[in-house]
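Attaching a single structure in structure tokens format; questions to follow.
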Amino acid sequence: MTLLDVKGLTKSFGGLTAVSDVSLHLDDNELVALIGPNGAGKTTLFNLLTGVIVPTEGTVTLQADSGLEVLNKKKPYTIAQAGLARTFQNIRLFKGLSVEDNVLIAMTSKNKEGFFESIFRLPSFYKKEDELHQQVLDLLKIFDMQDDADKLAKNLPYGAQRRLEIVRALATKPKILFLDEPAAGMNPEETADLTRLIRQIQEEFHITILLIEHDMSLVMNVAERIYVLEYGQLIAEGTPEEVQKDPKVIKAYLGGEA
Amino acid sequence: SSSATNGGNKQSGNTIKIGGNFELSGAAAAYGQAMQRGTELAVSQINKDGGVKVNGKKLKLQLVQKDNKSDNSQVASVASNLATQSKVVASVGPITSGADLAALPNYTKAKVPLITPGGTQDSLTVQKNGKVQPYMFRSCFEDSYQGKALAKYVYSNMKLKRVAILADKSTDYAQGLTKAFKKEFKGQVVQVQYYQAGDKDFNTLLTKLKGKKFDALFVPGYYSEAGLIVKQARQMGITQPIVGADGFADPKLVQIAGKKNASNIYYTTHFDPKATNNAKATAYMKAYKAKYNEQAGTFDALAYDATYMIKDAIENEKSADSTKIATGLSNLKNFKGVTGTITMDKKHNPQKPVIIAKVENGEEVQATSVK
Amino acid sequence: MLLQVSDLAVNYGVIHAVKGVSFDVNEGEIVSLIGANGAGKTTILKTISGLMRPASGKIIYEGKEIQNKKSQKIVADGISQVPEGRHIFPGLSVLENLQMGAFLRKDRDGVKADYAMVFERFPVLKERRDQDAATLSGGEQQMLAMGRALMAKPKLLLMDEPSMGLAPIFINEIFDIIQAIKKQGTTVLLIEQNASKALSIADRGYVLSTGNIILSGTGKELLANDEVQKAYLGG
Amino acid sequence: MHTVLQQLVNGLSLGSIYALLALGYTMVYGIIKLINFAHGDIYMLGAFWGYYVINQWHFSFWPALISAMVFCALAGVIIEYLAYRPLRNSPRIAALITAIGVSFLLENGMSYLFSSNVRSFPQVIAVKQYHLGSVTISNIQLLILVVSIVLMILLQLIIKETKMGKAMRAVSVDADAAQLIGINIDRTISFTFALGSALAGAAGVLIGLYYNSIDPLMGMTPGIKAFVAAVLGGIGLIPGAALGGFVIGLIETAVQALGFSAFKDAVVYAVLILILLVRPAGILGKNVKEKV
Amino acid sequence: MKKNLKYNLTWLAIMVVGYILIDVLELVGVIDQFAETTLVLIGINIILATGLNLIIGFSGQFSLGHAGFMAIGAYTSALITQAIPNSGGMVLGLIAGMALSALVALIVGIPTLRLNGDYLAIATMGVAEIIRIIMNNLKITNGPAGLYNIPQLANWSVVYLFVCLTTILIVNFIHSRDGRAVMSVREDEIAAESMGVNITKWKVIAFVLGAATAAIGGALHASYIQTIAPNDFGIMESINILIIVVMGGIGSITGTYVAAIVLGLLDMVLQNFGTLRMVLYSLALILIMVFKPSGLLGTWEFSVRRIFTKLKAKGDA
């Protein structure tokens, strides 16, 4: 079943067309990778899909419970509430807040605490807070971060920060998760851990994942399907095996050995 | 839960403590510092002359002064500090009406009279129900008093029928003057324009006025802006008389305007050493110059008088208790001050002659006493 | 010996990030520092460049102690750096960024020749010459950071994870470029997560773990080392 | 018609004063993102310096002007060294509070030492009025106008063309990276303060001469107006500061000329807010959206 | 659940004990009129500064216009209590002041809160100045002379009560879903939005809430000082409140308390220094900021929960 359908998505910055007429689709519970040379427009595509920037042209539709939902031109928070979550290429955690708060914030829209309920500290407030606290701990446990709950995000080591970004995105209870270079700055061992984790998330949460990554060991290991972008255009699509052999991809991206 | 309900502060020991609630910093510091100088001069002269006579004994004055930052919260705080901690029996200042209003509740609670050298707002001395404020006094004119006098003078003596007004919109002083003037003036007010205290450039407003027909320009406001207005008006070729109130009565007006520009200027004032035979004023100006090495101005003189009014009240009542001083102040009669001979009216406003001074080429050339 | 670091210790407040590290770099070499996240690699480079002061230890460059010198003096002496996280100047164009790289240089002709050299090495930068550097893609910014460092015409080039975020095809190219830089006579001190690539082009290497050097040797030796294989090469 | 022309002249000459002050404001902001609240008070120092040297040492105009610039440059550098440098790596708002503290200190220190009285500035240049048709303009107005324009061009050249100017831009966007290419941050920032404060010093003497009235609090209101002007034009930009200054001068004049003088400042702020809503980074400012 | 009850009761106890303590000290004469004035002024500053801290410290929006909202509260309640000079009027005045202030904050907040950093600061400063100028020109506000003879319905216990109420309001707000959403805006707007947080909404809510508490502070000020004028609510007043917030530590309510008290006491002591007063004050300000750039307490917060946990840990050991 097609979950997200992207048609003719285009974005130009002044004279430069960073994303040009891209059409793609993501199916339910699929793990797809997006690769391409530096500056190909991958991050821009993520930004378009999540509403951080507004497309010049094209449509994005989501198969929501209530039928089809058009997402382009919507605000990022509505898109996030509709079930699209992401991580950032340059980590953007809430640095000055605790790990737990980082995750709790992602639950804001699903959290039904009322203003007066919390101002007056009604018993129901504590009940809801306790439940949330438990949910956060459960999530953190999956990533082996339960002991970091009270630490400030900025004090976490780099690798842990990347993982926290993923936890935070998951806490929005997304249908689709976009990961922008989750393995950047990790050493091979950490990357291997991450690979396992990504698979686990996909299964456990039954979500669709679209992943940008330059580390081919990760991509070829987990992706079911791969899109390849160059100069803003899709130049190839297929299984890892197909893509790896594609001469266009080799020439533009993989290079001789890979 | 107050310790001062027993009837005000009693004088004790060999000194009489009076308070100074002064605007020494903040926006009104220039006025507050003038008030400080006038008060200090008066206190030192009184003490040099032996002090204040109470029941045959001569007691020295002690001035307890505090800075209120020209901030109303601090004004109130200083008032309670002076009244309840220092236990002063009377207070000089604050000098601005707004601050007086903020200080008054605390002084009233402690039954300590407050005498302001500069709070000119009409309603300052009356309560909401129309009764007089028992502990509020002033040594200056109230706004309407001068406004009226000026309006009469312009119409009747100068025979000018068309007046343009350039008023300070940010002070109640200027607003009060404007209102009183407009009410009293029998001629025509052709135009009213506003500026804000602190403005420096009046060319736009003056250009606008220049096109209108008027016989005199009335500038309710203080010398710091009025000086600039005179200067810019004259440079622009506005030659009509410029009239003002005691806000003009400071040597700085001429300094800022420049001698040549300061011509054809009329203003109401309290004291005038030159034209009248006021020996007190002349002596004061000399003493002031000797002590501070600069020319005296209105506000220091008013503060000086305020201090002497307290002395007078004490000596008349033969007691330096705060409630007695209040009584003494409300009964003040024919007090000979630097700023005129003062009699306190029922509303605690000093009755004294208004003098109209005329300035030509930076020099005061004429002074007329009007009623 | 071009650079000699001895017993270097650096703290962030109470955190001891580098705890008595010694290593050296000979003229004309590529020396690689590898180590896990948080091992203290970036901190060492910052200290060499004079952005941080060591708690103890010495840094000797061309026979002179530089650990207490100001950064501009160190740059003037010929050490330049491609910092972690790129730190290009946003708001300035690509070309202006490169100009800034040559800030201390007085030889106009040399500078001109070097623009050409950089543009040749990184053709994308030429295409994006007048674009605001802030809007470059991650990889493009990395190239710009390298180009800018080269514009200073350094004797010693410090590189902090230059391959981070680069496409595979470009990673190879980057390492080629590093080798080319060496051939031109510039000495390189290289920090990399991509340990296998780094060690394969390095003359010598050091392995850093929580602020201490635990292994050293030639690039080949380290590549073959079991421990290194396990911990850093995913083997 | 001739009043309109005259009002235009009035507006421009008022605007040139705001512009002159805004230039220094914007320079300091441009490099360390500090709202230098004390800038207006440096201007006051310049005016008092001019007052002093003309009265006591009988300086003529140009020596007074130049010595005031030097004096203020020094004052600026010292203030930066003592009060702002220790806070360079602190939150910006902490530095702002320190700047407010410095502003209070200068205002009240001067008031303590020399009393808060208004005093008249010695008239070293005799005022001459030129009548061009029906429009009157004085030699001092012209002088201010010319000086602000010359300074603006000069500053723009310094920033765009000189090495120091480039260093200033680099430091302003990324101080660490600037160090890595060999820029001396301390010197660059000191230089900026010196330049900005020298401008304020020049403004102090010129405006003192023009209005002939100076006092320790004289920097407060113009300081805030200059800040508004800088923001209106696009803070950190030299032409923006000049433009902002002229726009405010013209608006104030227009409002007064139309008879709403009581609402002069309110209109200025309202226009400012409206412009910011349309152009969130000021008239000339580029609204750079962060790349994600 | 029991634990939470314990914490809340402890807080309640602290507040009641504080009240009784002041009351007793007043009865035995340790706190005289002057000390009481000082306490009340500190209390009002706490109310003003906690509200501003919510806006600046927690939502990260740099507002320089707090005095404007304070003015709205002050004028509204002063006019109402002049007409109805009893506690009913006071309550009505407070509610009306808060409502009006919140309404104005809503109207100006929605468009202006899109601005960033210093641009927002100057826009809010402009709003406050416009409010002040309007007060200066309206008939009902009595122009530059302002309002006087305002009945003194706010004594120290009323101020105390409102210090407690606003603190509870703001602290509870911060430590809830809403407060976290507000803080995420401060930390990173783009990330917050991508996590489903409607940043405009939360910015405006924090701004409106802060404005409403500013109105409380203004109303109490008007009632206690009994006179108000437009000039009381100028840029300097906004700056004075800002100073409390920053000096205490941005984002620390405890810090706001400490700074308000320190500055209040400083104000009290410095009265005696005459013209030197503000010189000393500014020196103190500069020195504190130079030596404690993150404010007296940084982001540290007093917490009953933490004390209990510590005590428990000790007991266990």
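In order of appearance the chains are A, B, C, D and E, and numbering begins at 1 in each one.
The rule is simple: contacts are C-beta pairs under 8 Å (C-beta built on N, C-alpha and C of every residue); 3 or more make two chains touch, one makes a residue touch a chain.
Just so we're clear, the structure is a prediction, and the values are computed from it rather than from any experiment.
Peer 1: Would you mind telling me which chain pair, B-D or B-E, is linked by more contacting C-beta pairs?
Peer 2: B-E
Peer 1: Using only Cα atoms to place each chain's centre, name the chain farthest from chain D.
Peer 2: A
Peer 1: So, comparing C-alpha centroids, which chain is the farthest one from chain C?
Peer 2: So the farthest one, by centre of C-alpha atoms, is B.
Peer 1: Roughly how far is chain C from chain E, centre to centre by C-alpha average, rounded to an integer in Å?
Peer 2: 50
Peer 1: Would you kindly tell me how far, in whole Å, the mean C-alpha position of chain E lies from that of chain B?
Peer 2: So the centroids are 36 Å from each other.
Peer 1: List the centre-to-centre spacing of chain A and chain E in whole Å, with centres computed as mean CA coordinates.
Peer 2: 40
Peer 1: Express in whole angstrom the distance between the two chain centres, defined as the mean CA positions of chain A and chain D.
Peer 2: Chain centres of chain A and chain D, defined by C-alpha means, are spaced 48 Å apart.
Peer 1: On chain C, where are the residues touching two or more other chains?
Peer 2: Answer for chain C, listing residues that touch two or more other chains: 135.
Peer 1: Going by the touch rule set out above, which residues of chain D reach two or more other chains?
Peer 2: Those would be 108, 111, 262, 265, 290, 292.
Peer 1: Please set out, as single numbers or ranges, the residues of chain E touching at least two other chains.
Peer 2: 136-137, 190, 275, 277-278
Peer 1: How do the chains pair up in terms of touching? List each pair.
Peer 2: Touch list across chains, by label: A-C, A-D, A-E, B-D, B-E, C-D, D-E.
Peer 1: Residue numbers of chain B touching chain E in their complex, please.
Peer 2: Going through chain B, the ones touching chain E are 1-4, 22, 24-27, 29, 33, 36, 65-69, 71-74, 76-78, 80-81, 83-85, 97-98, 101-102, 105-106, 109-110, 121, 123, 127-128, 169-172, 174-176.
Peer 1: Within their complex, state which residues of chain B touch chain D.
Peer 2: 25, 27, 29-30, 33-34, 169, 193-196, 198, 200-201, 203-205, 207-208, 210-211, 223-224, 227-228, 231, 235-237, 252, 255-256, 258, 294
Peer 1: What does chain E use to touch chain A in their complex?
Peer 2: Its residues touching chain A are 1, 4, 8, 168-169, 172-173, 175-178, 180-181, 183-184, 186-188, 190-199, 299.
Peer 1: Note which residues of chain D are touching chain E in the complex, please.
Peer 2: The contact residues of chain D facing chain E are 29, 33, 35, 83, 86-87, 90-91, 93-98, 100-105, 107-109, 111-112, 224, 227-228, 231, 235, 262-263, 265-266, 269-270, 272-273, 276-277, 280-282, 290, 292.
Peer 1: Can you check the complex and tell me which residues of chain D touch chain A?
Peer 2: 289, 292
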